[in-house]
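What follows are several structures.
Next, two complexes with chain A in common: one pairs it with chain B, the other with chain C.
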Partner chain A sequence: MKIRYLLNTLGQLGIGILFSLVVQADEPVTSQHVPIPDPPEAKQHFSAEQACVEPVDIIRRNHGQFLKHQRDQTMHNGVRTQQHSLVECINCHVTPDDKGNYPSIHEGTQHFCRSCHAYAAVTIDCFQCHASKPEQATASQ
Partner chain B sequence: MNEETTTPNRRDFLKSAAALAGITVAPGILLYSVSQAKPADQAVTSEQRWGMLIDVTQCTSGCDECVKACAVEHGITEATRPEIAAHWIRKVGLRDKQTGQEYSLPVLCQHCEYPPCADVCPTGASFKRTDGIVLVDKHICIGCRYCMMACPYKARSFIHETLENQKPHSPRGKGTVESCNFCVHRVDNGENPACVAACQQAGHEAMIFGDLNDPYSQIAEKLKTIKSTALRADMRLNPGVRYQGL
Partner chain C sequence: MTTLYAILLYVATLIFVLGLAYRIYEYASVPAPLKIPTMPAPLTRKGVVLRILGEVVLFQSLFRSNKWIWLFGMMFHLALWVVLLRHLRYFIEPVWTWVVLVQPLGKYASFVLFIGLVGLLIRRIVVERIRYISNPSDYLLLILLLVIGSSGAMMTFVKHTDIVQLKAFILSVMYLELFHWQPLPLDMPLLIHLAAVISLMIIFPFSKLLHAPGVFFSPTRNQVDNAREHRHVARWAIEKFETSST
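Right, the complex of A and B next:
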């Protein structure tokens, strides 16, 4: 009995904490809080009806799978379609600021991939090998 | 057995169909070269086998255009120590001890039909694509370097240092092994590898690239008529890179 009571209280506490997090999300981002991801705008929409290469809720959840499937298709079968290609994600989502500088994959939150992965504490190693900027940006450096 | 006899016939048919289309649609346009680029959504097949022919008599000893072009194409920069630098293609000088005759030739991954690098790879990272291009899937490579030991041509390099500013079409990184990939991103686009293009541009024409399986390709036509050598042919790896005048 006692244990159940303890768990219940803990559960309520947990919900309380979650709730306060949600409240915080509505507040403006300040240095005291975990910054809510604010990924930069993409260059263009995929089509008139669809913003990204898949519906937004699907690509948010499954982009890892799409990329992994495409990676094997390209690596082993030479399939070079653009829809799920990492290079094309970068071309569209990684854009320069007013001064023409591209966001860093190593620091800050301005890089499209980093903005969410830093928030979710997910360490990805794609960019140890893959270019994190479009070709023009790499060429000019 | 069957395939060997039927494939050329089908090819002949396709070729003449293409030629006909060329005549009727636009006489000036070479459909032949266009036909090399496969549609982006199609997988490569074993109908092709990519190969290279290097004419040693046309290769000059001071020239390293192919090596430079490779470095630019794949973003291969200098390492902090020369011992750990990556080499996808090297210029090698040979001297016949008897006669004193000297040769200069580029040596790169020979894209073996029976690649020992892939045989020894414990993870399956080293593999041969069905069209004959030998690659390292760096997503899988654990950097054990067995393949470097197994390769008789010293074609492979291990990346010791963190790399920055890689080319989008040529991902490379620390802890993996790499070697010449025949500029697979260009080949899939119907283009020649960067070294071949650079050699032609420099006016040397010492390298040609193409489909060994296509009897009408420039490389196959030439291989039919000239004497060519495979490096260390005694190992019977049947490399896709051949040398003329060696």
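Right, the complex of A and C next:
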């Protein structure tokens, strides 16, 4: 009887610990040791409530899909909108450094797209045709 | 959830590494008293190395005995290699160039892996003599691998997760940032994928998956056919009964 009671208590304790691990809040933490991409800030917010054209956790997961869907809409159906347009992403997200130079898509970690894509080892072919710098920057060069 | 998965990853890695090391020690130290290479066997050590390589890389004896099982086995194992190499990108920063180049191939290898596994599962169920000797654990391993493969392919092709955040989590686990782990993205396919991988790592040292190190220690494959040229005495027998070892 005593052993059973002991086991029971231990079991409940175990479930308690497990439960506390599961429900513990997952707060983002900064780290000095772990390399984490640090893409530059965008020029503006999409709206007062929302930073990007979609909620951040959605745009982080599905921006590839949005861009491809936008491409098909534009090329095949002739519907050219702005919300998921690559040009608009670049206009807002690619920012010049102190000297007014725009970061390269081919090297370094300063280009908005590249900072994460290099980290995740995902190659993109967007910029073999499209400009990787904002419209005003490419127009002046 | 981050804490739970991080701790489970440590536990699983410990069991996997220590368990595997113990098994290899066990296989290396267990006596192989008899000279029993399966004929025709190579006459030199170099020949034995080639034979084992042929066995490990090409599954030679399986090819000779059964072509369709060989095909499914080959599909699964080769695709698994490509997929594993693709996963290196989560553990290395900056990512090596050759991993970047291999990485996209891994996406499509997942289909080959899936077909191979389904083929091997059908073999267990449909071939009567195989079904007769199949244990629950044989099915469990195949199903676990299928869950790992399909949940992984699911993330690549259907429901994406935040892989940048995932890599940050993995690196923080690797760098032993104890209880300051980067948050794990909470997407169902990812949680299932990781849980299944953790289970597989824990089961590995106690399961048939040990054929991976075991193939190198198989006495019928790793012995030189020189029974007439040299007297074969097991090492433990030399230590126990013979004073001079010639």
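Keep this in mind: the second predicted complex is superposed on the first by the 106 of 141 C-alpha atoms of A that agree within 3 Å, B and C clash if a C-alpha of one lies under 4 Å from a C-alpha of the other, contacts with A are read in each partner's own complex, and residues count from 1 in each chain.
Note that a contact is a pair of C-beta atoms (placed from the backbone, for glycine too) under 8 Å apart; a residue touches a chain by one contact, two chains touch by 3 or more.
Values in this document were obtained by computation on a predicted structure and should not be read as measured data.
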Message: Once chain A of both complexes is superposed, is A:Arg60 in touch with chain B (first), chain C (second), both, or neither?
response: second
Task: Go through the superposed model and pick first if A:Tyr119 touches only chain B, second if only chain C, both, or neither.
output: second
Query: With the two structures laid over each other on chain A, which partner does A:His69 touch: chain B (first), chain C (second), both, or neither?
result: neither
Chain B versus chain C as contact partner of A:Lys43, first or second or both or neither: neither
Task: Give the label of whichever partner, chain B or chain C, reaches more residues of chain A.
output: C
Query: Of the two partner chains, chain B (first) and chain C (second), which one does A:Pro134 touch, if any: first, second, both, or neither?
result: first
Field: Intersection of chain A interface sets (partners chain B, chain C)
entry: none
Message: Quick check: in the complex, which residue numbers of chain C touch chain A?
response: 1-4, 7, 89, 93-95, 99-100, 103-104, 160-165, 167-168, 171-172, 175, 177, 180-184, 186-187
Statement: The chain A residues in contact with chain C across the complex are 18, 21-22, 24, 26-29, 31, 33-37, 57, 60-62, 64-65, 116, 118-123
Field: Touching residues (chain side chain A, partner chain B) in the complex
entry: 71, 73, 75-82, 87, 90-91, 128-131, 134-135, 138, 141
- prompt: Okay, in this complex, where on chain B does chain A touch?
  reply: 38, 40-44, 75, 127, 129, 131, 135, 137-139, 162-163, 165-169, 171-174, 176, 184-185, 188-189
